[in-house]
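What follows is a single structure, written as C-alpha cells, with notes after it.
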Amino acid sequence: MDKDNLSAVLHAKGDLRLEQRPIPEPGPNEVLLKMHSVGICGSDVHYWQHGRIGDFVLQKPMVLGHEAAGRVVQVGSSVTHLKPGDRVAIEPGVPREMDEFFKSGHYNLSPTVLFCATPPDDGNLSRYYKHNANFCYKLPDTLTFEEGALIEPLSVGIHACRRAGVTLGSSVLICGAGPIGLVSLLVAKAMGASQVVISDLSAERLAKAKELGADFLLPVKREDVPQEMARRVEGMLGGQPQISIECTGVESSIQTAIYATRSGGVVVLVGLGEEMTRAPLLNAAIREVDIRGVFRYCNTWPTAIAMLASKHINVKPLVTHRFMLEQAVEAFDTARQGLGIKVMLKCDKNDQKP
Amino acid sequence: MDKDNLSAVLHAKGDLRLEQRPIPEPGPNEVLLKMHSVGICGSDVHYWQHGRIGDFVLQKPMVLGHEAAGRVVQVGSSVTHLKPGDRVAIEPGVPREMDEFFKSGHYNLSPTVLFCATPPDDGNLSRYYKHNANFCYKLPDTLTFEEGALIEPLSVGIHACRRAGVTLGSSVLICGAGPIGLVSLLVAKAMGASQVVISDLSAERLAKAKELGADFLLPVKREDVPQEMARRVEGMLGGQPQISIECTGVESSIQTAIYATRSGGVVVLVGLGEEMTRAPLLNAAIREVDIRGVFRYCNTWPTAIAMLASKHINVKPLVTHRFMLEQAVEAFDTARQGLGIKVMLKCDKNDQKP
Amino acid sequence: MDKDNLSAVLHAKGDLRLEQRPIPEPGPNEVLLKMHSVGICGSDVHYWQHGRIGDFVLQKPMVLGHEAAGRVVQVGSSVTHLKPGDRVAIEPGVPREMDEFFKSGHYNLSPTVLFCATPPDDGNLSRYYKHNANFCYKLPDTLTFEEGALIEPLSVGIHACRRAGVTLGSSVLICGAGPIGLVSLLVAKAMGASQVVISDLSAERLAKAKELGADFLLPVKREDVPQEMARRVEGMLGGQPQISIECTGVESSIQTAIYATRSGGVVVLVGLGEEMTRAPLLNAAIREVDIRGVFRYCNTWPTAIAMLASKHINVKPLVTHRFMLEQAVEAFDTARQGLGIKVMLKCDKNDQKP
Amino acid sequence: MDKDNLSAVLHAKGDLRLEQRPIPEPGPNEVLLKMHSVGICGSDVHYWQHGRIGDFVLQKPMVLGHEAAGRVVQVGSSVTHLKPGDRVAIEPGVPREMDEFFKSGHYNLSPTVLFCATPPDDGNLSRYYKHNANFCYKLPDTLTFEEGALIEPLSVGIHACRRAGVTLGSSVLICGAGPIGLVSLLVAKAMGASQVVISDLSAERLAKAKELGADFLLPVKREDVPQEMARRVEGMLGGQPQISIECTGVESSIQTAIYATRSGGVVVLVGLGEEMTRAPLLNAAIREVDIRGVFRYCNTWPTAIAMLASKHINVKPLVTHRFMLEQAVEAFDTARQGLGIKVMLKCDKNDQKP
C-alpha cells in the first residue's frame, strides 16, 4: 500500500509545513479516505495568519482543511453503507456525545463536537484521512470531487437560508459577496427568492455575484451610513426585503441589515465579527425583526447532493484557482490575498481533474 | 360610458346563457373592473353540469368565472392604492367578517367568505365586474392579463406547496397532472424540490408535465394497486418522497400518496373526492406521515406576482385554448371534454391579446 | 341619556386635565361603551411626563388610557356579535388598512394601526368611549371588569411567551419584575415552564414575583456584570435557561439575557430602551441564540379570556391601587412613583367594584 | 454479587413465565440497572394474549416490560454522566443507526430502532437489565421510581400534545380515558389548555378523568353517531375544539375527532386501530384540519423529569395496582381485565416503596 501521506500541517502562526504523517487506521465506525480536492476556507487562512480564532488556539501542530472530498479506500468493521471505491463528500463536524443538541437534531450546537482543522482536531489537507463513516456522503457519478468539496461552504448557505426561512417569493438582502455571501445567493435563488440584492466593497466580487444570478448589486464604501444604505435597498427592491443575510461580520453592515429588513422579517448573522456589536436592537424589537445566528450547519449534505445532482444549483463557477497539495503554501497565499473566490487543493497526484 | 355588460350566467344545471347585466356601481372600498381574461376552472364546469358542488347549490342565476384579470375603470371613495388604468389580478375569495380566522391570517377558512362563482356569489365572466379593492393586485407591465388570471390556479399550487413544506432538496410525488397538479409541479420546482414524480391516467397530460419540468412520469391505470404504485415511486426516486401532493381526489390515489410518503413526511390533500375515504391511517400514524388539507389559498397573490415577474415560474404554457366571451358555451364544452389544460375566455372585445 | 363624559386629557407634557368631552356617536362597525375600569400603563405616565415616546409626539390634547373594560351601551348598524349590556374588554390596537401585515395575521405590525392613547389617537380614560366592535371581546359573567382591563398588559406577556416559544418544561429567565415581567411570569408558568428565574433591582418587586409563582429570585445591582449574572442564573437552574424574556430595556440586562440563554434558545426583547444597544451578538450568533422582538400583541384577547375563565391564570393580585376617575392625577402620580404594581381607575360613578 | 435475575419471559401466545436469566454485562456505552418499578402497558398484554402486534411477531422468548425505572449498579467504560447508585428512568427506544431520522432529531422514526419488549428486543421486567446509558435519565431525589417508570406513558402524552401544538388557551377533545388519554389530559392542561373534554365508554374511567382535571366528560355508547358526538362536543365547549387527541384507535372515534375539530385545527392519532379506516377526509381537507400521527416519542424524558420535579404534573394517581415481580402473571391478568389504570410491578425484593 501507499506510504505517502503528505499533509499540510500548521505548526504555529505563520508556519505552515508540508510533511509526512502516518496513514491512519480507521476505527470500527470510520472510513479511510484517499483525499482528492480540498478547498481553502477563510478560517484556514486565519489560523495560518493568527494561530487562533477567538477561544480556539493552536496548541500543537494541526493539519488544516475542512472543505473536502475523496475516495473510500478502507472501511471500519461496522460500516455498512460505504465500500472501497465510493466517492464521498466529508461533513467536517462530528458530534462526540449524544447530548440534548444531538438528540434534538441540532448537533452543530453540541459543545463537544469534533471539527476538522479547529484545534485540537486535525483537518483533511492530506493524501489520506480517516473520518466517521456516518459523516461521509456518497457522491453520485455525475458530481465531481470539487463539487463534493464545495458542499461544505454551500452548507453554510443552506443553513443560513433555512434559518432565514427563505421561501417562494422572498426578497432578500445579502451583505457581502465573498464565498459565503455567494453560496447564500445560490441557495436563496434555488429556494424561491424572487429578488436578491447583494452588497460588497469590491466591484469584482459584485460582478461575480451578478454572474451567479444576483438581481441587484449594492456597492458599499466603508464610510456609508447604514440607514442610508437601508433606504437604497428599499429603493432597489421597491420595498424592504423580508430577509437579510449578513455575511461580512462588519458592524455597520449588521446595522444596515437590521434597518433594511421589513417588519416581521429576519436578519441572519452568518458573518463573524467582534465580540460586542452596537446595533439598533430597539428598531428590530418594535418591528419584530428577528435576529438569528448561524453556526456552521446540520443535516445539509443530503440536501446539497440532491440539489447539485438535479443541476438546480451550480457551484462550479466558485472555483477560481487550483494548486497541487505540494503547492499548499502558494495556494494559501493566494487565498490570503483575496484573489478570486475559492482556491482548491488537489491532493491526489494521479488525478487532478475537478 | 359603455353599456355592454355581457355576462356568462348559469341559470340552472346545463343552462348557461350569455346575457346583459347592469354594470355595477363600486362601493367605497371597491373598484370597477373592465374584465380582460378569465380562465375556466373545473368547478365552473361542475356547476354547469351538476348545478351544485357538495352543499353549494345554485339557487338563482349566477355569473360564472373566478380566474380573472382586468383593468380598473373606476375606484370607490376610500380606495387609495389603485387608480383607473391599473391592470390587476383578482383574488376571488374575500372575507366578510373580521373573525378569528381572518385576524390570524387564515381568511380562506372563514365560514362566511365571499367567493366568486360559488353560490350565491357572482363570478367575473363579464365585460364589467366590481370587487373589493383590497383583493385586487396591480400587475407589473411585464405580465400579461392571462398570467394575471392564472394566478388563481397557481395560488392553489402555492398554498399546497406551502402547506406541504416544500423546500430545498425536497423530493415530491404529485398525483394527477391536471391544471392543479401542473401548477403544483411548477411551484414545487421553484421552491427547491430536487425531484418531482407526477402521475396521471393520461399520457398526454404526463407529456405536458414533462414539458413543464417533471423529473419522472408515473402512468397510472385505474386498476393499479396503491402499495405497488408506492413502491414504483420509491424505485424511481431511489427513496420515498418526503412530500406527496394529491391532486385527483380519487381514493386509490390518496392511498398511494400515504403509502408512498417517507416517515415524518407530509401528504397534502388538494383533490376533492367523496365525503368518506378508506385510507391507511394506521400506516400514516405510526410513520408520522401528516395529512394536511388545502382549501383554496391565502396570501398568495403578492408571492405569485413576484415569482412571475422574476421569470422563475412560467405559467404561459398552461393556456391551450382561447375563446371570446361570446363563445362561452363552446369554451365550456371544450373544458368539459378535458381537451388541453386551460381554456381562457377573452372578455374585452377590443383587446384579445394574452 | 347621560351627558357626563369626564375624560382624562393630556394637553401637554405635565398637563393632565379632567374635562368634559362630547359623548361620541358609534359608526356602523363601532360600539359605544360605558367605561368601567382602566389601568395606568408606564406609557401613559411617560406621555404625561415627557409629552412623547420616541417618534410619537403629542401634538394636540389626547385622552390617555388603553388598558380598559366597559359595558356596551349602543351598537353600530352593522354590529351583530355584541348588544347593549354586554361587558367587554377592549383591544386598543385596531388596524386601519388591510395590508400584508393584517392579511397574514400580524396586524400589530401594520404601520398605520390605530392605538389608544398613542398620538394622535385618543385613549379610553373617560366615562364613554367608542371602539371598533371587532376589537371588543365579550367577558363571561365570571370575570370582573378589572380582569378585563388587565388583559391588555397580560397580552404583552402572552405575545412575549408565544414569540419565545415557551412550552412544557421550558426553563425561563425573566429580566425585570415590573407589571410586564410579572404577567410574563404568569403566562410562562401557564404555558408549562418548569422553572422561572426573575430578576429585579427592587426587593419588593421580587417579593411580588415570589408570591405570583417565581421559582428563583435574582436581585440585581446596577453595577453587576452581565456574564457573572448569567453564571448565577445557570447556577440557580442547574443549567442555562432555554428562554430569556427581557422586560427592562436596560442594556446590561439585555447582555445578561444573551449570555444566560442556552445554545439554540431564544431571547425575547420586550423592554424598550435606547435606540442603539451594545450587545454580544457574536456570542448569540455562534450559539444560535435567537433574538426576537415584541411589539404589543395580536390575537391574544380570546386566549386571555379563556385562561382567566379557566382560573389557570390569576391576574387579580396585580392590582395594588384604585382611584376614581376624578382622582386621575393622584392616580398617575402613584403610578409615576412606582408604588405597587397596577393602578386602576374606576370610570363608572355608580359601580366601583373590581 | 447477586445471582438472581428473575425475569418475566413471554415464550408464546398466552405463555408468560417467570424464569432466571443471566445477569447481563454492560458494554462500553451501557449501564447495568437493578430494576425497581415497571408498569404494564397495553402492548405487553397484547403480546401475551396474541403473540404479535401487527408485523411484530414473537419468534423467540422475550422479556416483557418497557415502562421502567431502576438504579445503576455498574457503568460501561465510556459512560461519564452516570455512576453506580444513580436512580434512573429508562427510555426504551434506542436508535441503532445514525440515519437521517436520528440526525434530524426524530429518532423514534428510525426503522431500525431498538425497543424494549418489541420483538426481537427484550424488555426490562427483570431483576437486572442493561441499557444504553444515553437513554437512561437520572431522577432527582424528589421523584419516586414509580414516577420514573410512568415517564414512559407520560411521554406518549407529551409527544401527542407537542404534535398537536397544544398551547395557552387551547380547547381540546381527548377521545378515550385509558392510561394514554389520561396522560394526554395531564399534559394538555400543563401546556395551557383552557378546556378539555374527554370521552370514554366507561363511566369509571371518566370519573378518573374528572379527578385528574378534565373540564367536561363525554360518555359514549358504541352506537353513537360521530357527527352527533361532534355537535355535543361543540355544545359543551361553546365552540369547536382546536385540537382533538384520539386515544382509542376506534374508527367511529376517529370520525368524531375529525368532525369535531375546528377549521385550521389538528387531529392527533395516538390510538392504533385497524390497517384501513373509513374517515371523512374531504371534510378534514376543506377545513384544513390536519391529521397527524404519533409514534411513541422523542426528546421527552428531560421535559417529563422537569415537569414532575416542578410538581406541575402529578402522575401518581395513575397507579391503581401493585404486584411483586413474582406475581407477574396475576398482575398481567389484572391489566388484561382493564381493572384500574396502571398496574406496577415491583422488581426489587428489598424495596417495594413507590
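We just call them A, B, C and D in the order they show up, numbering each chain from 1.
The rule we apply is simple: contacts are C-beta pairs under 8 Å (C-beta built on N, C-alpha and C of every residue); 3 or more make two chains touch, one makes a residue touch a chain.
Keep in mind that this is a model prediction, so the values were computed, not measured.
Taking B-C and B-D together, the chain pair joined by more C-beta contacts is B-D. Each chain gets one centre point, the mean of its Cα atoms, and the points for subunit B and subunit D are 43 Å apart.
Subunit C and subunit D have Cα centroids lying 40 Å from one another. Among all residues of subunit A, those that touch two or more other chains are 106, 302.
If each chain is drawn as a node and touching chains are joined, the picture has every node linked to every other. Interface residues of subunit D, counted against subunit A in their complex, comprise 98, 100, 103-107, 134, 298-299, 302. Listed in rising order, the residues of subunit A touching subunit C in the complex are 101, 106, 108-109, 111, 163, 254, 263-264, 269-270, 272-295. Residues of subunit B that touch subunit A in their complex: 158, 161-162, 167-169, 171, 187, 190-192, 194-195, 215, 302-304, 306-307, 309-310, 312.
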